[in-house]
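Two complexes, one shared chain (chain A), two partners (chain B, chain C).
Presenting the complex of A and B:
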């Protein structure tokens, strides 16, 4: 409570005695006591609770009632894990695709892997790594604490494998090369078109990432600035200037290369089931083709629409794993 | 006639600087001066007593040594007591009392060094403009330095911190001050706080404050860090009966961030930004005879806050009320004359958060973790960990919307040390209940009523113990041994010793 207290101190002088594993205890009795072990025993005796006080401690509390109810904003406990993503509240409730490609990639991955989960609309502050998405395991019956730790996106493949999902990583020499096409060229063009293209920033990014956070004009201005500065810094990491035409044409070439790679196959690298790579492609193609995003400057969207097989690939994933 | 030899002696004596003798002489001189001052004081007293009903008129008040202080500021303070501005003549004692209280106000602005002195003089009767009843008042004061810088470290409160403080006094010559404080520590990661403070109409009891804050604080009981940036204005005044009010507006951007790895789903749902725009009112009536170990009197305090509603806007909306009271009695012990040093203090604290719609909307906003109450800890409900009472999600104290807590403490002097020391033994029992509002299908009123009713559901969480209290001039220290008697599952009680430092204890 805020009542002008100095920081109150909370420290215990009586610690619970360290529980000694039984096997260790046996070992100790077997070995003749050295002066060191005698000393440590003394220390232990000093810190352990004397028997009468222990009995007293065991007597209290005299009365234990059931737990207090949680506040209204607390999420309902679920047995299934929760994936924290950028999303609108109502979209999260119905499992609609996230509007953030980083989140959508893993959402699609979990859907493909068949890991039953629910979505929570969230923001980067909630994440253990500072970046969404992450998965919070469901409330298990045992409630073992290591099980409840959040799983960052980098560990989701392992998590899926441990939970009986069959997701194959494509074993292809060219896989890394194509992955970098996506992680650099397409991502850079995406960053530019979403955050630095003023028409799109105002029409698309602002309502999704800025005005949803706070109603305060001051906070909105501050967050807008942060977002745009971060996007710019990211782009300037790779080149000394931001060449718009170059960004778009590189992305166009990347789409072309991916289109050729996919060919007439349903999934990339000729797999019979979609892989994480399909999910990462879908993360961008879906958002660029989704009419709900209401892009104003559509250069990047047009570049993608020209590749018919990529458009169909997105449709295929959407219908199969997002129910249309 | 002095002999030549004795003249030589005298000469030698004059040349020799005998330190001892000089000291002796100085001492005598000082004593003389003190005697003189005391006599003068005595004479003045007698004079005043003898002439207390003498009609006088204050023709002028002169403040000596106030170069940096504004004339208009001093005018507001002293003009009302000048006889020219009054329609009734003074008696001498009245006049001196008025001037005395004005001087006292002057002292409380904290712009002069201690030892503001006052002289009374009669103007020369040859001055044609003076009347025979006229007196002139001279006040002598020394202005304090305009800028004071202070740095230091604090260690102890389970946190180590370092701070720097800048105080700029009397900025515009009207006792306006600016205080900037920067600190960094293990729990308060960083805090910057700047306050501009000015008295209104030269009254030290009426103050206008404008402040800005930026801080980052760890909240280990709920696995997160709260980052604040805010600004506000506050007006404080004292009533004639000695109670204090303050009304203020603040706007704060709060960020729940840097969650711990174990943070529960409830805390994760709270992560992110919110803006609170709120008007608050605080009222305090403190009639205790000691701030830390009172043996008589009572304290009443209420804090009310309305946030987000109507034109206030922001991201959160609620009405929040909190009240606190404590009452102390001295307990006479048969066989001991006068004050036995034994006293009994009871304390009670309660609060409620009533959700409201933001702006002119119609759906109420459920409360957030940074607006909800926390209860438990060594300074309120002892025998529980910090935030140890109330709703919990796993390791996190997620706070509640309604609470009540009470305590009863019996304090008695430590044998052999005596009642005149700031040390006491105490026997205490304290109890509390902290509840979150239940969802009643969006009916806020119903949910508040039913939650308040639930406070009386079963015994409150309760603990009792004994301890040692030490009232240091700046804070109260307690070392207690306590045991929980009644708890709710999940509530974090502490069996054994607990150490508390604070300025505001529950009872």
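Presenting the complex of A and C:
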């Protein structure tokens, strides 16, 4: 007992620092060195881990490898914030508008607010909220914290305001009403025309949202089915039936009302610079007027083209904030 | 030809329990001359081609949905029975925008107040359906409407109003029996007693978001968009606002919020609803149960041109019952809804809806499944037996226990060997510590293992 207690102290004094692990090992083997101590500790040993197993486990890990490096394609911490949107890779590199209205709205908003950012092509699975877009702040943007949390789209206005952008929304009693036109009437028509209109789904939505994700026919079929079912469920929430004529005629009336609201002003609500409202309008008008989308069923596009000032509004934003 | 407007029956002393039906009644009341239209209370939405009420019947033509009815009336009367025709440009735009606003922001409030809130639903809304639908239907319709309402309001995060949902969760887990616990009145337990109070802040904010723009739009004008003419927006707003204000509910948070903060809006709704619907309406007025069918309704009691419904007797009720049962069965209901959409859309290329890859996959998976079934069946019937080598496999697995024993042997020896190595090292470092015990342990451990193996 006495020896046993002393021995580790001795050993550590004599051969102190070859390696610390051997020191530990000695302690464990040195505690029950004599048969006497073994007998007194019999009861306690019965409940403790048997010595051979313990020594074996103490050997593990035998060797600790350094952590693996991130894959080559992993995003490097960037100096400027990155906005993750639905986009094609080459379009994202050149900062072209996203093909998803929800993403394009916030992309346009950041451009208008003058927040310098770059784009990354992504999909919903990448987002912490499950929905694109989200913004990953730059590594050195604020007090050099590399693990800054991603910012969901709902907090982007606050983020822009904190970074010195002018983000005042017009205070107008009509604001909410005309916004509801966009969020309901035009959005519903958009959902129908993109996902449920078979011509457009195969020609427009399929290459953008389905075949870009996977080459496996099983995955593709499942994704396209999911997309269409989600669009259908969204439309059936508000009515017991998808009334196509009603959807299109309501969207047409919505464009009419928005066109009257804009009048001859450059921006909505008579502001001297574009706001988030302009960005949300642009998100739909740009995609409907963009020839690159190759719409096959153009009912909604025609309804929009009839409103000259909305077409010009889109041109104005495109030239000024997306470089043409 | 007299136009027939079919609507959900009356309730809460209003002419209908549905905001769109109220809007349609108000529109026809204002736009269509008296005597050219009649009003029928019904409980069967499948009458309408869009499967929703209100529905307008002109001979054999059925028009469903209140917007379609407005369009049809304009066509039918060649532009005479239209309310919004005379509006200036800006007011017309406001009418369109605020119609969308009333519909999109008003519907969740009605849903929460009349359907999602358990207390209001069970004690007020649900019993109403007994008066406006015939026997088996009230068992199906209200829960279906309520489920739809819950789905529409799910994103608001106010499901706490529905106390059927989270009954057991509110009781905290404790080992103290219920009878010995001291009643604790915490703030949260007070709030939990009535979920409406808990959600009050959120509900008030929602209601405020809805009423504020309407109040600003109306200002001092007589109607919402114009001072002189009644527009379709007034019809729609009247439908929604009166259903928020008039019903007397056990949890009157919506009406209370409206009365407290927007008294002008309340008086406007009350006056207009008296003017348009002609005072309170009850089920007897609508179904004409108390008076003879052929006597014209007395203008004093109700100014609406009610006509007794013809529900087709037992057969009619039975078919409605069966179709609503079919709609509530998961897969069948979905199929019915899909066919409804396609019929209405007039799509001939409905089969193109599914991409060709989806079709090929279903074929392949069907094939795989049927082959698998066939093979399984053959095994089961003994048409195919496993090759003879299989029985040897069994032997192998039984002798495999010794393999396992080998593994045990290795595992058993390894720690001992490590142990001895360490102790030897220990002994060397300690310059002459007793090492006899090591031998003992080694031999005892070693013999144990070999014995076990043998």
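Definition applied: the second predicted complex is superposed on the first by the 246 of 324 C-alpha atoms of A that agree within 3 Å, B and C clash if a C-alpha of one lies under 4 Å from a C-alpha of the other, contacts with A are read in each partner's own complex, and residues count from 1 in each chain.
By our rule, a contact is a pair of C-beta atoms (placed from the backbone, for glycine too) under 8 Å apart; a residue touches a chain by one contact, two chains touch by 3 or more.
In this text the structure is predicted, and so the values were computed from the model without any measurement.
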- After lining up the shared chain so the two structures overlap, which partner does A:51 touch, if you call chain B first and chain C second: first, second, both or neither? second
- Message: Between chain B and chain C, whom does A:174 touch in the aligned arrangement: first, second, both, or neither?
- Response: second
- Message: One more residue to check, A:206. First (chain B), second (chain C), both or neither?
- Response: second
- Could you tell me if A:218 is touching chain B, chain C, both of them or neither one (first, second, both, neither)? both
- Message: Once chain A of both complexes is superposed, is A:148 in touch with chain B (first), chain C (second), both, or neither?
- Response: first
- Message: For A:270, using the defined touch cut-off, is the partner it touches chain B, chain C, both, or neither? Pick first, second, both or neither.
- Response: neither
- Kindly classify A:323 by the partners it touches after superposition: chain B alone (first), chain C alone (second), both, or neither? neither
- Query: Which positions of chain A sit in both the chain B and the chain C interface?
  - Reply: 3, 7, 10-11, 14, 56, 218
- Item | chain A partner contacts - residues on chain C that touch it in the complex | 45, 50-52, 65, 67-68, 71, 89-90, 92-94, 96-98, 100-101, 103-105, 107, 148, 151-152, 209, 212-213, 216-217, 337, 340-341, 344-345, 347, 349, 352-355, 357-358, 360-361, 414-416, 418-419, 422-423, 426, 429-430, 433-434, 437, 445
- Contacts from chain A onto chain B in the complex sit at residues 1, 3-14, 56-57, 60-75, 77, 82, 84, 120, 122-123, 125-128, 136, 145, 148-150, 213-216, 218-219, 223
- Item | Sites on chain B touched by chain A in the complex | 156-159, 187-188, 251, 253, 255-259, 261-262, 265-266, 268-275, 277, 313-315, 322, 324, 351, 358-359, 366-369, 372-375, 377-380, 385-386, 390-394, 398-401, 434-439, 458-459, 475, 483-491, 493-504
- Note on the structure: The chain A residues in contact with chain C across the complex are 3, 7, 10-11, 14-15, 25-26, 29-30, 33-35, 51-53, 55-56, 59, 173-174, 176-178, 180-181, 183-185, 198, 202, 206, 217-218, 220-221, 224-225, 228, 232, 236-244, 246, 249-250, 253-254, 256-258, 260-261
